[in-house]
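In what follows, a single structure is set out as structure tokens and then discussed.
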Amino acid sequence: MIRDVDLTAHIGRIVLQNPVLAASGTFGFGPEYRAHVDMRRLGGIAVKGVAVDSWSGNPPPRVWETPSGLLNSIGLQNPGVRAFIRDDLPFLRELGTVLVVNVIGHTVDEYRRVSECLARESGIAALEVNISCPNIKEGGMQFGHDPDRAFEVVRAVVETAGRPVWVKLSPNTDRVLEVGQAAQSAGAAALTAINTLLGMAIDLDRRRPALGGGSGGLSGPAIRPVGVRVVYEVSRRIPLPVVGMGGIETARDALEYFMAGASAVMVGTATFGRPDAMTRVIDDLPEILRQYGFGSVAEAVGAAHPPAKGEADEH
Amino acid sequence: MIRDVDLTAHIGRIVLQNPVLAASGTFGFGPEYRAHVDMRRLGGIAVKGVAVDSWSGNPPPRVWETPSGLLNSIGLQNPGVRAFIRDDLPFLRELGTVLVVNVIGHTVDEYRRVSECLARESGIAALEVNISCPNIKEGGMQFGHDPDRAFEVVRAVVETAGRPVWVKLSPNTDRVLEVGQAAQSAGAAALTAINTLLGMAIDLDRRRPALGGGSGGLSGPAIRPVGVRVVYEVSRRIPLPVVGMGGIETARDALEYFMAGASAVMVGTATFGRPDAMTRVIDDLPEILRQYGFGSVAEAVGAAHPPAKGEADEH
Amino acid sequence: MRLTIVERRVPASDHVELLLDASGLGRRPEPGQFLHVATGGTLRRPLSFSRVDDGRVGILFRVVGAGTAWLAGRAVGEDLDVMGPLGRGFPPPPPGPLALVGGGVGIPPLFFYAQCWPDASLAVLLGARDREALVMVDDFGARGLHPALCTDDGSFGRRGRVTDLLATWLSAHPHGSVMACGPAPMLHEVARLTTDAHCPAWLGFEQRMGCGVGACLACVVPGAPGAGRTWYRVCTDGPVFAREMLYGEAPP
Amino acid sequence: MRLTIVERRVPASDHVELLLDASGLGRRPEPGQFLHVATGGTLRRPLSFSRVDDGRVGILFRVVGAGTAWLAGRAVGEDLDVMGPLGRGFPPPPPGPLALVGGGVGIPPLFFYAQCWPDASLAVLLGARDREALVMVDDFGARGLHPALCTDDGSFGRRGRVTDLLATWLSAHPHGSVMACGPAPMLHEVARLTTDAHCPAWLGFEQRMGCGVGACLACVVPGAPGAGRTWYRVCTDGPVFAREMLYGEAPP
């Protein structure tokens, strides 16, 4: 392993020991992967979406494998913010890793109340406002497709959070830049991208949509080109740090996101196949960075952008 | 092979001997695959997008492989409608297969003029209005993301075409239903879906976007869940036949699209890997249909829809 | 964790049993627990332990799709990438008569159960759709047990459902208990019959999984109806559930 | 079309040559033509013919990514799914002296050329980045040819570029012609040198391909600058182009 490559990542004022975080919804509320992953080695953990009250989620089946991908329709099952604070936060706080809490709601007010409840708690580095979940009928993605509503939600969370607010973007819209700009105007400290693509599979035997929830969210390597495209566009046009994700399995994939403009990355679906996916990315990054001529993660960020970064030379 | 399964497909008044067409842009202007595919066996052929004047397309590299997918940035290189009529149409007419001409333009007027030029020609079953190509800066996708502009373009083509007009939908928007409805109001006879997903890959060695055109369109099995979702939604809500595509490689994949609501399918990227992909789908369909309890393609269309088709029971 | 394949058997067409060197396995598995096996796709595949012998553990599966087909193509000497043992297995035999009720690929964990409790006197009731799918009958024989058998098509044993055998057994053993594993409709019927007969039952469920460790909330089954209704995760709360957890006190 | 692998050679580290039973091949390939080979991914991989011997055809490749790695793992007796011969190859030797100029994996089609024209007297100039990448030198020897060699790192032959060898050769052979194959920068330099020397040249290009048959317009290279500028498809208009098609009459 190469030691003199600097893996530190900066998301605004938050400093990560390395740029690899667990993606929300794929790493539970903390302790589940304890026996399988050395959690202290991670750059950070984004826990599953937390609402003001408990949500029961969608009927099973909730996952379905597709070519190089995964459809899920969990439906944001969660125990509610109070249960989260009581049952899960103490363990997570103990860990000492950078903790990001993913926030969900049906209404602006519900987002605000989650944020208020968490404001009193220590040990949380940032909130990640999920306005991009395709698996619930109200709330979620509708905010992520409408810049005005995105502004409202993000503003409500920023006003109450007392800590940096990250906003998670949906790739299922042609207005991703407008939504990202709205998030910035509302005070977001960073953008995270991408959430899953809206997809569906049919169960041929049962002659109906395979997932209990009908359609679901597509993740995994299949969507990596979409994630890289969104990160590239957003990071060029909006002066906020971007945390990239979508289909990252290897250090090479992570480097693709850094070059596209991500300051850090999250790994989701890959963890299901290989619980050590994140620690392998971390282990392999120094060598890969070196191989492509970078002395640090920071140097690689945006390396694929055209020379005059931020200039509107493509339109 | 099972013989007593009816493969006939109906797209409005157009009758196809079987429901498998070559997807636009992947089968050239006709003769290229002649030595490799028995073209008379196909349900039909959609030729590459044709503009009023020749377009030069994007700089290479124009393709890049991704997990279970393909990024392309051809940029709609084409010789213009007059050259098409002169050089390619005679061969295609000879073939006797159902011919669909994909129409592109930068402006409403350009679309109209292609349609006018083709109106005088025999041997064309339908026009497919491409308002969903992610690979050109103006025209193309911008029409496919805006219901009002989609209406204008489709209306202009319908007024001049003198034959059925199909409209090809973009999956890169949250307004696919509105755009489809606009196409219907403007007189479209069918919808085709989906065009490619907007994506990007980075060439790590060169530290820049891999494709000469920067971003590109993602196709192949990776996007099948997105295609199935769009076809399911559109066919349930809009009373027009839908031609489904995106990632179809096998008869099973085609059946997934039929059950989701497609009346026929197109095969694109799979042909690159296996020139016999389409004829294999055609050969295998009778057995697959039979295996899942269908006596014809028509019976399978929409089989995965909830019982009361068209009812708004999901919202 | 990587375990080496030391033996490969084909107990019936479309069925393969792989025996793995268990020395890499941290804990001795309990019957009903499973291995989460990487098979080349995005997700792992959950497979129950079928036996433990001489430092080897078995998995016995039916080839139904890409993952099991890949696995069926593995040869002795190759390694498998596995996680496990995962989940909660069947409890020790309660006092009184005990029936093992298995359907199709639900049979392997029950054979492992019989193997773990060599002194327990057990009734074994097995069903499957056809003769080929009725696996491990000889293994039960070698353990000194004589399963009652049935197939949907009558090609082996009685024609009918394994729950018909169970109904007969329950009427003869009013104080019996049941350990069952098989497809969901079979388990529902086992729940109904054992509730009616006031006999305790433990049920081994299948559900499509993501993580296998409780993190993704994919593999849920609904808990007993009522005010506190919740979802249970098959991977960590199960795969084996006491009947009451899922069905409460009323027959389903 | 499926062709069986009848021999597998490892001419250098990271390089593999597969010899395929050519009886399934419809036409005898010309040097410069290629096979489009399925290697497990979405797209096929274009690979030039390296030789034709005793009813066998060869492909010789460097392992650079997933497709060539897959191919390198094939064994004798397995079939490859191929399309071809595709594209337009090199023309017959024009009158006068002729040099073959090859760089790296551009060498194999030139050896095949030498093989096809056993009576032609040829100068062979080969370059590569290092000794390992300088393939088929012995094959040229067996054909009675003695290539001039160079490597970027000087590990074999002269240190330098193959175009340096060409410049020397051109000054000694003012009426010579050139057949060249290799990376694009090398071909640009060959175009420049041969234009300056007023010598005809044919150039074998690489480009990322989709269909391989001219249908998708992926594999383009720009035609000669000027009013009628167009794109040529490497798969069907090439891979071998007369220099003028791409560079016109002026040096690049």
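A, B, C and D label the chains in the order they appear, each numbered from 1.
In this section, a contact is a pair of C-beta atoms (placed from the backbone, for glycine too) under 8 Å apart; a residue touches a chain by one contact, two chains touch by 3 or more.
Every value quoted in this text rests on a predicted model; they were computed, and no experiment measured them.
Peer 1: If we look at subunit C and subunit D, which chains touch each of them?
Peer 2: Common contact partners of subunit C and subunit D, which must touch each of the two, are absent.
Peer 1: Go through the assembly and pull out the chains touching subunit A as well as subunit D.
Peer 2: Joint contacts, listed by label: B.
Peer 1: Look at all chain centres (mean of CA atoms) and spot the one farthest from the centre of subunit A.
Peer 2: Greatest centre separation from subunit A goes to chain D.
Peer 1: What are the two chains with the top count of C-beta contact pairs?
Peer 2: The chain pair with the largest number of C-beta contacts is A-B.
Peer 1: Any idea how many Å lie between the Cα centroids of subunit A and subunit C?
Peer 2: That pair's centroid distance is 37 Å.
Peer 1: CA centre of subunit A versus CA centre of subunit B: separation in Å?
Peer 2: About 33 Å, centre to centre.
Peer 1: Per the centroid of Cα atoms for each chain, what is the distance between subunit B and subunit C, given in Å?
Peer 2: For subunit B versus subunit C, the centre distance works out to 46 Å.
Peer 1: Do you know which subunit B residues sit against two or more other chains?
Peer 2: In subunit B, residues 66, 68-69, 220-221 touch at least two other chains, as defined above.
Peer 1: Counting only residues that touch at least 2 other chains, which ones in subunit C make the list?
Peer 2: none
Peer 1: Line, ring, star, complete or other: which one describes how these chains touch?
Peer 2: line
Peer 1: Output every touching chain pair, sorted by label.
Peer 2: All chain pairs meeting the touch criterion are A-B, A-C, B-D.
Peer 1: Mind pulling up the subunit A residues that touch subunit C in the complex?
Peer 2: It comes out as residues 25-28, 32-33, 35-36, 48, 56-57, 60-66, 68-70, 72, 74, 77, 220-221, 269, 271-275.
Peer 1: Can you name the residues of subunit B that touch subunit A in the complex?
Peer 2: 66-69, 71, 137, 141, 145, 172-175, 197-205, 207-209, 214-216, 218, 220-226, 228-229, 232-233, 247, 252, 255-256, 259-260, 292, 303-304, 306, 314-315
Peer 1: What residues of subunit D sit close enough to touch subunit B in their complex?
Peer 2: Touch list, subunit D to subunit B: 38, 41-44, 81, 83, 207-221, 230-231, 236.
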